[in-house]
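First the structure, which I've put down as structure tokens, then a few questions once you've had a look.
Chain IDs A, B, C and D follow the sequence of writing; residue 1 opens each chain.
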Amino acid sequence: MAKLTGGVIPPMCTPLTPPRELDVPSLEKLTGHLLDAGVHGLFVTGSTGEVGYLPDATRHRVLEVVAGVAAGAVPVLAGVIDTATPRVIEQARAAARRGAAALVATAPFYVPTHQVEIRSHFRQIRAAVDLPLLAYDIPVSVHTKLAPETVAELAADGTLSGLKDSSGDLDEQRAVLETVDNAEFLVFSGSETMADTSLGLGAHGLVPGLGNADPHGYLRLHRAATAGDWTQAAAEQARLRRLFRLTQVGSRPMSRYSSAIGAFKAALVQLGVIEHGTTSEPMIALDETERAAVRRHLVEAGLLQE
Amino acid sequence: MAKLTGGVIPPMCTPLTPPRELDVPSLEKLTGHLLDAGVHGLFVTGSTGEVGYLPDATRHRVLEVVAGVAAGAVPVLAGVIDTATPRVIEQARAAARRGAAALVATAPFYVPTHQVEIRSHFRQIRAAVDLPLLAYDIPVSVHTKLAPETVAELAADGTLSGLKDSSGDLDEQRAVLETVDNAEFLVFSGSETMADTSLGLGAHGLVPGLGNADPHGYLRLHRAATAGDWTQAAAEQARLRRLFRLTQVGSRPMSRYSSAIGAFKAALVQLGVIEHGTTSEPMIALDETERAAVRRHLVEAGLLQE
Amino acid sequence: MAKLTGGVIPPMCTPLTPPRELDVPSLEKLTGHLLDAGVHGLFVTGSTGEVGYLPDATRHRVLEVVAGVAAGAVPVLAGVIDTATPRVIEQARAAARRGAAALVATAPFYVPTHQVEIRSHFRQIRAAVDLPLLAYDIPVSVHTKLAPETVAELAADGTLSGLKDSSGDLDEQRAVLETVDNAEFLVFSGSETMADTSLGLGAHGLVPGLGNADPHGYLRLHRAATAGDWTQAAAEQARLRRLFRLTQVGSRPMSRYSSAIGAFKAALVQLGVIEHGTTSEPMIALDETERAAVRRHLVEAGLLQE
Amino acid sequence: MAKLTGGVIPPMCTPLTPPRELDVPSLEKLTGHLLDAGVHGLFVTGSTGEVGYLPDATRHRVLEVVAGVAAGAVPVLAGVIDTATPRVIEQARAAARRGAAALVATAPFYVPTHQVEIRSHFRQIRAAVDLPLLAYDIPVSVHTKLAPETVAELAADGTLSGLKDSSGDLDEQRAVLETVDNAEFLVFSGSETMADTSLGLGAHGLVPGLGNADPHGYLRLHRAATAGDWTQAAAEQARLRRLFRLTQVGSRPMSRYSSAIGAFKAALVQLGVIEHGTTSEPMIALDETERAAVRRHLVEAGLLQE
């Protein structure tokens, strides 16, 4: 099976039918769309994949479908997102049985947790399931920040194989890159908008939600960065930063996710990749005006003809 | 089956064996201990019950055991705690099948959520499962506060039958009590330390974690309040406030829950109610010094002989 | 000079002329309005008095005017609000020279501060100026909460003579009341809406901004509480809770203070106490619709004829 | 007078004598130390300058002394830090009279403020005092983040000449750099540790507290960046990141500032620039062990011989 080595690994959207069942043909098409673009891996059941909304059976099916289409061509990472250790271990075991090449877990949430307990949490997950484990640092959801010292300690003892950093704190990301004493350890940026900067600091890969709609953009950015052409990387990033504004089309009372995940899915529909823009309950669906705004962003970014 | 009408409804601890399996005999004994004391209901799989740590199978078994022992004598409420609507509905259906008399659900967490979406969330849970639904307001875990207007609207349209308020915001609790235009709507305080004050403001019941160890104390407090003897209620509350300091015995690096839930369980062991003080991973276990401190609190509160 | 013993001590509004100079005649009239009502003290240059906006010269003049009118009949407390110890000591010395009977100071703000440093801060203020010192706990402005242990320690050693609690945390207010071992120590609630509850917990006085407009209401509430007539106190509180909604008349984009302080001043104008509703820059002025809404609240509360 | 054009502008420490009076000879020496190194400007009464602790008279004297030594060779920027508009305008007028070349002001703090009011706040300061105005974005102190749109609007209409960004949010810093449509507008990074990254994103200058102790380091970093030698800039930054750990020498209970400002001053004493390491009340003074740790950092960074 393909080894995880960095690069562009989009956190996949989870296509749903209007009655909110998993839309398997659309998921297969999305997988193909990303593989054809040349992504280095696929990340299922992450935040962009609506993992917080999906029942376990849907989470499992998503992984089976994507792993089936990928067929070992690239590693498939699975988000194993749950409130605390015993529940995360159950998610991890289920993912291991369904073909995950690596697991991505957050610190405990809902329950209050100390950094000492966070270390124990990751160690127990790693001990329970024999797959590479990445820590997912997403304080906006978890309401705890992983301290660079915590990450470094868990990298040093082999608990963690990598970090998916969605904290937005580039100073601490740099501290991790400086501190971790493990050549195999991989740092992935979860940012759509500071991807070139992260790569410039030494990050190994990108996990951008916007990469569902524009994998080629992030692959060009990554190639430019790998070639040391930072001017080209910044130019591509500038285009992607403008495109990323599509996540703000929802200006009615709705959560940030209703707007952002709704926009990613609306874009995938308009690009002909998936069939429906349906998002999970209780998110607010984008209306026609908002979908038209998504379309304008795609046209401006050169992804659609007017 | 007994109807939910307020009173003292302890959020039950979940006894575990040292290898962290459910300790069914201890759970049965704890249930009996609370029923014998005369509690008005039992609340399983709440925060005190380590719901955030328990796998689904354990959650289900806890409810079955407690509902079996209660046998309809008092209502058994079940916490159906998960990140967003579809997952909570699965929890709710599972609880309904296992004898829950009412459901207790929080707003979505982990995923960002708008108050508009929170209203839709509770409405869909209520529509999916035909059981009384209580909103669980616990911003320290959920990182969202339920606005009194949200609660009032959902009470008015019959979505919510009650509120378990663990927010600590008595001003907003009072606003709910003033605003809700539904004589059947029940407000429960989740506070161990301001129970008399809540009842004085018109709250209908108490859900105190400390009530595992001292149900008689909260029942005396509730009886005094019901009789309008606020001096007696305050005196009992003062004693319980001192006793509640046992939740702070853990002074090493550990989370607040490691100390508090560890202390509740240590107290139940020392009172002869359950067999083991074991808590879920990744909580830190109390050590001998800390357990001795719990013991001193029990002695001072008159619950144990020296 | 009158001694500080609790009771109702309104945090006075600071009347301004349209070009935002101190309106001395209106300030004198407001002082008389409150003294005639029978308040037990006056608190100038608090948050309701726009202290954060007022230049030092205006702060000083406010105190001189109010102390002059009060003429020792009741104690005049002065807010000495500044970022850290040396600046607060300057404010305190200026207030002492202008007739303050007691000083009210917050923990340092803007600068990060540890509880150890907070204790040192209050001790140095007390050592520098020989006047009773009250700690002002207002985390919404200061972004630090005074720990009950900090207050208790500073009460025990004579640093603090009292606490003005605007934290909204009644549990910790009760902890202070339980813990402080000093019979002279006074706890004041800064809440307009939970005043009866605070008095029921043992607080000694009230500092309600709404008391500018309705001092009689808070005095009736306080008298009922002092007489042990909690039903009457709660009824008065219920009326004042409804009246307090006037602070929410501003529904356009504006800060909470623009709406609340604007509403207090609009009420005072409509009640004929002060001349202008002008508030400090950069607050947004209430418009005619909002002022009409204030008027309706005053009529409903029985303070104005229709 | 020298024009403000970017570059390295250290936020100067404010040397104090042991009884906490301004140490004018040390301040003159520090000014000379920085001018000799070749800094492009000097920033007085910023956070590193203990502005939150300094009485007005000391703030004024600091500016006079530094402007006197600088004698127009480089621009002297003055922090005009106070809670709201009228108070900031007083600070601004005082600074203008004492030779400030530009003013640096935050959004209002202590008082709650809406983005609409923040815009009005900066416009009124600019209208009141005819000096270039920079917005100081420091949410850790002000508890409000300046929205990029707010900065862009105030840049477009000429209110703001620049931004000192101490928010740590490089994504929003980049948004400001992309959005501001004003070739004269200057963005300064307030970060010691991400200076090269900011310059890479297009920032025009640096305001690093650590630049008091090592101005040459930041000047080398800036020169390398200006020359497009990002490898060299990153190497210098890496050395400065290690040196910056001296701000964490204080491991006893104390605030972050006690440790960081104490460490900067201890470094300046050990480098022979200022006489005393004294910091303002209520900061905790570093002890001998902590000062020795500062020394080790200086030695490791090549600033001191062992």
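We take it that a residue touches a chain if its C-beta (ideal position, glycine included) is under 8 Å from a C-beta of that chain, and two chains touch if they have at least 3 such contacts.
Keep in mind that this is a model prediction, so the values were computed, not measured.
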### Set of chains whose contacts include both chain C and chain A
B, D
### Query
Tell me, which chains sit next to both chain C and chain D?
none
### Task
Just send me the rotation angle from a CA overlay of chain B on chain D, rounded to the nearest 5 degrees.
180
### Query
How would the chain A/chain B interface be labelled, same or different, where same requires over half of its residue numbers to be shared?
same
## Note on the structure
With centres defined as the mean of Cα atoms, the chain at greatest distance from chain C is chain A
### Query
Approximately how many whole Å separate the CA-defined centres of chain B and chain D?
50
### Query
Whole-Å distance, chain A centre to chain D centre, using C-alpha means?
37
### Task
Indicate the residues of chain A shared as contacts by at least two other chains.
none
### Query
Each pair of chains that touch: what are they?
A-B, A-D, B-C, C-D
### Summary
Note: in the complex, chain D contacts chain C through residues 20, 47, 52-56, 58, 81, 83-87, 90, 108-118, 120-121, 124, 140-143, 253-258, 280-284
### Query
Which of the residues in chain A end up touching chain D in this complex?
168-171, 174-175, 178, 191, 193-194, 197, 200-201, 230, 238, 241
